[in-house]
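Quick heads-up: structures coming right below.
Shared between the two complexes below is chain A, which has chain B as its partner in the first and chain C in the second.
== the complex of A and B ==
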């Protein structure tokens, strides 16, 4: 196969260090993780995930299934069906497509199915724009579909994290029997960076799946009763018990899996909280402010759900104020205020509609809310 | 002659299939679902597929099909059974994968999934129960409701100018190159049951042989929804449903 800019060449095990887009990194990482299947529908700015998988033809190497579905609704229900058989399957889309998937995502959560959904966010609402956004924060972290449920939500800031979070997402999903989401923005999906791809792992055998997922609908084994994957329970008492079980799992995840990265927070007078690519813009702004003697730190949540509440509260306790920077009208700021119990002045700076702020705008926003910082 | 002597195996003319368990079915008296469940269970058993089947249940009256037939099941969301089955089959290519869907599930909310799974030639079987009404939600108009037919949402009868025409979807599916076997059956008489069973067996075998998508429509009764006795419902079906949905093969292949 001829290699050109759109078609990544055939992968070889020693070809681990590459320059590629975040979307492409997700495709490569999935194959290397030993993922069993991908089902997706084209939408900008994430179509490279499907394109890369189709070009790499993993069905000929690892046996991974790749299918372009007729819609996002079909895609997510294929993920539901595949995950119900114990396979490691995922889909990707962008904001409007993720909205279409919400019913299926609720079923996947209710079925306690390990699965991965990638949202490379674009500006909304409606058809919106194809430019980057972070306006699906509430949808991703609050459940999005009907019923009380959560996805574990990972927010990559680099192409490297796009690759790494595929494996992390699947590992967490199978560990807790709870679906995971990679909530990226169009910048991380589209930009090219150096990435060290993870090593190849073989796909699990049917025997390994049966051991790891005794609940899986694999075609009834002679040695057990039929496995039924259903989210329907008409008895309210039992349905409440099911909900209590889900909530116990969510509490366990909240206790053990919140992740964040901090920069310059030890001596910080002011704190910026930002996730994804915006955190990198904020870091640049902080470095420029520090050069002028303004002590600002950064907390970058890596898990948006569970939100790193304790970590943020600990840092906020010794800072004078907080600026939450997002590509939206102010969504994560809710979680920042909840984590700190509104104990310090907290402001939002955001751009919408696909506009990405530059470091100077971030610094200006911080100084406009905290003019004393410049003294 | 004692009863135990009469119950000898050589005198056995009727038995419940092993895969059909003892749970009480929630179906109404006269409903076709019970008969179709039974012949599905019989065919799976006779084909030795007890331990090789992934079945996909719909939303509708058959939502609890998984409670009655003892194979592995996935309960799909409304209309999405063919998408669920697509993934189950592609990821487990040696399994027998079939969906069991009603008319609202297959021909209204799930039309896109049905047509695209069939057009991809997914190696699955779709069992399509067409009783021209929404039974589970209390007798509303279905896509297959006949012209003039009264339902709770067409209380004066279905009028095409208000409610559109009945969607005769099976011939559409038969046109698609991805389908290998498309047939329309019924289960209102012993002879019809025998024919429907043969059709289901043929459909399952073609799935196992990876010939493409096979579709068995069963023109069915809904005594409760039609507000008729079981006997009257069978008669009404023959007189009114069969002219619109005539039983017979719409597409077949040479053995």
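== the complex of A and C ==
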């Protein structure tokens, strides 16, 4: 394993090392980040986020608001309102619930508001199943609502990353005034692993928020004009200027924030690309293939938007072929082909509807597309 | 050291919590641990299983093709998982409710009569600890002291009066194996 791999990293036991589900880790990490509010509606497989927040009762300690809203639509619009005041607020749901939130998410992006949305994906389309899936990749990375916009999309593969990406997501959201999403799946939401929780950080004071977010609608001081938060602009010329500003931000994010992790890629003849917990299934498949002398490497995108195009293109340039493994019918494969200009043979392997492949199925898929790899 | 375990049975038998205590004991032993339930609309009487991996190296996949050890507590689980024990691995099964015994000869098969043994105990809820006691006697993956420590962590303090019953059940399971 290369030195940059840590799936999951070795952890020394102490009081901060805990055994918990990914969903629980998100709740703990949010309180410790100094999050101001959570608004959500329960849905499997992520209900533990809300349940854990309710059990920890942060309103009695840090003052964080936790509210079970009447619906997902209410939740996302409460996030919109909270974010407009410069507060660090988030919601979580699973696929059908995230679909309900798309209008509000477009408004939050148009308002250039920092906020965090967690999607613990389940099998779709429709109400689908409650089992793991990655079929919301397009929705998450293309902007599932109307208009030209992006969320920064983070894909955790471990319970540790479920905890870490809460802070990372909020930090990026505030840095760029762009909402962020944690795109997880039912596996990493439901499984328990060791996790080191981040240290407690106090919530920002009103003065700190006013300094950090001079755009926030926090009540007008006599010394300045009112801040207005609206996404309606009847003058097309102004709306085009707004769009150009959004796009400048997206270009800046694309240049600076794409992240990925690579394993065994230095000498790889073939490359597997997979994200989230599926990347770990592929890593075991790769370790088993390497034991037979088949040189396969793995690239795991950590940011799905911005996609790690340059990193993938660099590795693909010295490989003979690529297999993209996803819990869907083939979505991230589009980004893989774009990143490499279709310069190497690229195939997809996926299971759908909540079925998770075993490592052996991944190895079989690779060898069926690249039979020469076994020679 | 790396041990890949499947525990499978009926919902309500304590399959998931047995896995959780095993995982917690691994954490106390400074091992890497992964606990992956077959979550779903499962309930008392339905099927339930959990994959627990204990390792002194980082763990890659939480989803496995084959297992070092299978702990099987009903017929459906035996039918599903017997073929997925690694050659040379171990299959432990409770004979209660099993109509067709395991057939494999390339693995170690151990029959334990844990359900019957549990009838002698005060609480039928101790069943999973009887099974865990037997598992650790057959495969001493972790010291039983780490399980005691895990129980103190997993069981809420207001129920620590039940620790004794759990220790008794673990010993009962250990004594099933000779």
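Just so it is clear, the second predicted complex is superposed on the first by the 360 of 375 C-alpha atoms of A that agree within 3 Å, B and C clash if a C-alpha of one lies under 4 Å from a C-alpha of the other, contacts with A are read in each partner's own complex, and residues count from 1 in each chain.
Heads up, the rule we're going with is that contacts are C-beta pairs under 8 Å (C-beta built on N, C-alpha and C of every residue); 3 or more make two chains touch, one makes a residue touch a chain.
Worth saying up front: this structure is predicted, and the values here are computed from it rather than measured.
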Which partner chains sit in contact with A:300 here, chain B, chain C, both or neither? Use first/second/both/neither.
neither
In the superposed arrangement, which partner chain does A:79 touch: chain B (first), chain C (second), both, or neither?
first
Looking at A:351, would you say it contacts chain B, chain C, both, or neither? Reply first, second, both or neither.
neither
For A:204, using the defined touch cut-off, is the partner it touches chain B, chain C, both, or neither? Pick first, second, both or neither.
neither
After lining up the shared chain so the two structures overlap, which partner does A:359 touch, if you call chain B first and chain C second: first, second, both or neither?
second
On chain A, what residues does chain B touch that chain C touches as well?
none
Hey, which residues of chain B end up touching chain A in the complex?
50-54, 56-57, 63-64, 66, 70-77, 80, 83-88, 90-92, 95-96, 112-113, 116
Chain B partner contacts - residues on chain A that touch it in the complex
36-37, 39, 65, 67, 69-71, 73-75, 77-82, 84-85, 87, 89, 103-104, 107, 217-222, 225-232
For the complex, which residues does chain C have touching chain A?
20, 23-24, 27-28, 30, 32-37, 39-41, 58-65
Which stretch or stretches of chain A touch chain C in the complex?
1, 5-13, 17, 19, 45, 130-131, 186-187, 190-194, 277, 280-281, 283-285, 287, 356-360
